[in-house]
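Note that the chains are named A, B, C, D, E and F in the order they appear, and that numbering of residues resets to 1 at the start of each chain.
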């Protein structure tokens, strides 16, 4: 009787494909570009399906106010923010609790990679703006942030690549789309420094058996390798392009 | 016709007793305990009927930011706060105007007692959290604060004890309950340093004749003596207990 | 059918007069007074029709926090604020976006006139409170601010006088009233340092042809001359009054 | 959180001694007797866009109160009463240390003391602000702007609030059952006031009790007691300000001193609020 | 409260002299003529989740505008009009001194100038955003993100806003009397635009007038005048920025210079906003 | 914006070495085994004004949770579900560096992790909080006050939240079609819980994995992993805290260690939440 009620759609179709035609272990199309902003010291934009995030990095630079500076390392200041028109309903531009939490997990993930001890008493500012939100925004933001930090010439242990693994109609799926995010049984974003085999971000909502959890990590690792390769190419091609020009 | 309308109940019954069975000059059951928190320098919890307030004291300690420190005394920072589930309807956790005013009158009352000039350039922080609100919270908070300051080993001119006197159906009543608070004709919270006979907090809403005002102060003084005795016992028993252990 | 709908009234009547009986080039009655507050270093109140604005000036004085001080000039801090009962519907006392913008344009207009370089490392604070809002508040505020700065003895290149020119039923009108403000086709507030022939504030909403724009400036200039004369008389009479007393 | 203030308007010790030495001689620095109020003027109708207003000057203190109202819904626990909101603003115009921003604890305390004085005394009749029980009531705001901060802002604010409320009219309304039509342009009834209230503040300074302290006295006072009264002598509000203390004997004395001052204030108020149609207490 | 800025993006005096000496020779530091706009690109549909969007690059300045809407109630004084809200964000991505937080006075001013340019010019037809008079209307938000702050953000923002609005569709609606059914998934009509508006900013720097100032010029300019125009030459908005001054003769001159620049902007806009079904001004 | 914290609760390097040297010997500074939880007490009904409450003491950590509810409207996208809001406050009472004010990022993160653990596990049955589909539902608040901050606040908060929810009753309601009458004074049904959830936190410190870290261990830990479980072993939430890292092999190990700890926590919980009318999972 209530027309408001929305029914969960079938997420895995007869042919084993997902609602957007992908196989369970297939990621969405990806695009990456660095150095696209003029004022920032480093910048990058990453698109994954219809999710698009732009990140600017300023720094290392003097910390204000001074008493927040750390004697042995750079302070990282990280903001994950969604532009009001990035979502179906307009998002209020002030920071939501969700954005506060995600800013924190992205900061902690970046701190694992950035050699902040190289720049004591300074700050490294990382501002990510979600331009289109369609599942996976925190990982796309984190990847663009890691590229932007690299683009700013700040030394890192490794780049960071990440992807979500979920469960849809009982099947593990790589790189959730928005329907799977909303109706699926689990969503586990995971990010790594791939060449060091270190996990820098891990969250889960929904439910996994312990076995599914382990399988999900394996599935994510495959996706992360691909993403990492693309990240390195993106950086290389920019800097080789520079060399040709010079 | 309107069922929303609530009728004032009879506050003084046929037998001269109050709605909760007390005589007009009888206080609610009281419990006090100090030293119940681990991290705080001093702490106390006081229960008076169904009102319950926990206070923690930190300090004397360095003041931040420095320019707010005073050269000749400790700054006292006092917060009276109600936890969201302390009231019938959930209280929004942000500070209300009522909480701002009560924080101020509690601070001023405490400043009369604390020997703040002993600790120039420092701050003494007093945080009271109302866990159950059922009339008299500011006085219960103030008593727990004065015990917590003592428990922190900060020298005081005297402890502070306080109680409200009100008027219910024309009768002066000691230590209002919530019905008398809501439906009575007057509510006068008063707090003293009993051994110095000094009033440190005084407010009134409702109405008193000048004669009632004077009688109310006398009635309060009796209650305050009792409360003060209990406060001293609470502190003594804690520290004598300590002595036995050592 | 909808009674909510309000019809635009005729703004220019048969006899060429406006709804309040003025000719198109006629301003509302004006009153000015300086030195009316005790604590402020300078103060002024200006009334123009039913618009009334009080301004207090404090300074030049030490800047807090220090790091906002400028080495070569005084910082000006300007607030344009409407009291809650200055408008038809009560105005929320917190600063609206409109008040933020107007504070900025008034600050910039004043900075053109005040010899801020005379007082490096200080601040000059200008607080305008709109007591009655009935069209033209920003210009009345700016005029009272310029008088209050003068009353504080702060040197200026010139006083500032300003008035709005609008278009009502196709006719250029000087010093809009509230109906013309709401229903007219254009509203252009303009302020000048009259003896220097310099425009210090200029805004327009609505529409003007380029020819109307030029004619509007001419019309405003006439009004500004009158206002300026009155401002100078106001200051002179205060100080000559002083002389008589001494 | 409430902090010990940084003695923002500190009076040098030497000034304190000066003030005290004058008091020892039985007078005050501005020549008043201990029990005198300063010069007082009350002007109704000062702010033309308010539904009622009053400017009060008490010595160097200037306070402007304005009344606004709007149709509203009642609170669930008072379905047959209007809403009443008092808001005092210590405007940055008024004193050199006042900064723009939301009301600080001093402004909040002033608002709440004025509110209680008017509400709990039943000076304003909130039941007569009900239009349709449980559905529609008036919300009355009284905003009080402190324009010049010259001491004893509370008593001036209470005078301004009362005078502004007596100056105020509600818009005209036509009620048909639960249908309420408001004709904003026309004046309706007066805001329903039962009687005026006054507040008297007494500062304790060493062994002296000073009525209506001006700014320097207030600054060096040990404590202040503000008591609100009805004309029949009933006390309808008390607030102790500041961290000094009083004995119960001193409370007695202060209350008697304060009560003695009320007749002057009621007289001044009645000069402006007495109504042709029958006087202030009808 | 508005403060004299701490010259956050101060250009050293020697740079000012450098810029002026180039101007003396009749050219600008980037080689432009005084009356030239920088290179301009306008890309509609850049932000796929918005109902309409446009990315504008004007020299080194990059601005992204997006349109969202929702069903709403009208304001009581405009029962037959939709609501329209412009919000400019000077994102911390865009410049080294920009901090996260609520819009500062510069962002608020930009929002309000763009809003007035579009609203008072009647470029957007707010009456056609009414669904049921007095009951239901569309609220249109246009959010403008400044991504790279390279000077003359206002003119870029106005271009982005106009292009985004021309890109935008309302959801499909079915109206039966006062029943409004909104089918979010389907495109309905275009956002009702009457005609485009452009803003032209001219910086006064010493005796020179520079159209479309880039960041360094803007920083050292005495004042800037931004004028909004319709294609027929009518002025539909003016804002003077900064504490410098102009004579009335200079106002004349600036207005003429600004007006001369509008044709280029309208041309560029029409490349993207011209619609098959009849052109931009229908 | 999230900032690298100023190591507010920094443990001197020498202390770190001390802690590590104890761990090398197979024990912890407080004598526990690596896989042991600290002493635990759970007291329901501690806060009498809440509709349900629980005080949890876990070693030196003290956390008090309280449940409140009110009639509300559902969100448009979940018309047949109640609303559920978790709010953790790191009260200034609890630790020397905690300041009053709105929740900081740590409190927000804790709130959201507890919320997801209870919501996504379907431990609380939000559908049974619907009174009239699309019209009227219950909003349940669970406020969690951290009173003493002694390490592993998350696991204590989850225990307190679950125990408080199992302690809580909804008010009595009488539903007639779309008419809902709420009788606040009478207890109605229990808050609908399907089963309990527990969270287990494991700190990684050098090569050691420590269950239920106390404050000093937590402070010097490289990273922490918190995993929420149902009693059947299903994982219903994970959060990695801190900027340290783990290999996927370490993730395996941590998950096994955490799972092994759950039985103790479920046992302790069941001592208080088992209900006469049929046990916790009915």
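Just so it is clear, contacts are C-beta pairs under 8 Å (C-beta built on N, C-alpha and C of every residue); 3 or more make two chains touch, one makes a residue touch a chain.
Note that the structure is predicted; figures quoted are calculated from it, not measured.
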{"item": "Third chains touching both chain D and chain A", "value": "none"}
{"item": "Steps needed, at minimum, to go from chain E to chain F via contacts", "value": "2"}
{"item": "Touching both chain C and chain D (chains)", "value": "none"}
{"item": "Option reproducing the contacts of C-D, where over half of them reappear, out of B-F, A-F or B-D", "value": "B-F"}
{"item": "Farthest-lying chain, centroid of Cα atoms versus that of chain A", "value": "D"}
{"item": "Distance-maximising chain from chain F - centres being C-alpha averages", "value": "C"}
{"item": "Which of B-F and A-F has more C-beta contact pairs", "value": "A-F"}
{"item": "Distance between the centres, which are taken as Cα means, of chain F and chain D, whole angstrom", "value": "48"}
{"item": "Chain centre separation (chain A, chain C; CA means) in Å", "value": "51"}
{"item": "Mean-CA-position distance for chain E and chain C (Å)", "value": "27"}
{"item": "Multi-chain contact sites of chain F, meaning residues that touch two or more partners", "value": "1, 100"}
{"item": "Residue list for chain A, restricted to those that touch at least two other chains", "value": "79"}
{"item": "Topology of the chain contact graph, where touching chains are joined (line, ring, star, complete, other)", "value": "ring"}
{"item": "Ordered ring members, chain C first, chain D second", "value": "C, D, B, F, A, E"}
{"item": "Residues of chain C touching chain E in the complex", "value": "2, 4-6, 68, 70, 73-79, 97-98, 100-101, 103-109, 111-112, 116, 188, 193, 196-210, 213-214, 217-218, 221"}
{"item": "Chain F contact footprint on chain B (complex, rising order)", "value": "37-40, 43, 50, 52, 54-56, 58, 61, 79, 81, 83-90, 93-95, 125, 127, 129, 131-134"}
{"item": "Complex interface listing, chain D residues touching chain C", "value": "46-51, 53, 60, 62, 64, 66-68, 70, 87, 89, 91-96, 100, 102, 141, 143, 145, 147-150, 184"}
{"item": "Chain F residues touching chain A - in the complex, by the definition given at the top", "value": "1-4, 6-7, 76-77, 79-80, 105-106, 108-109, 111-112, 116, 120-121, 133-134, 225, 230, 233-248, 251-252, 255-256, 259"}
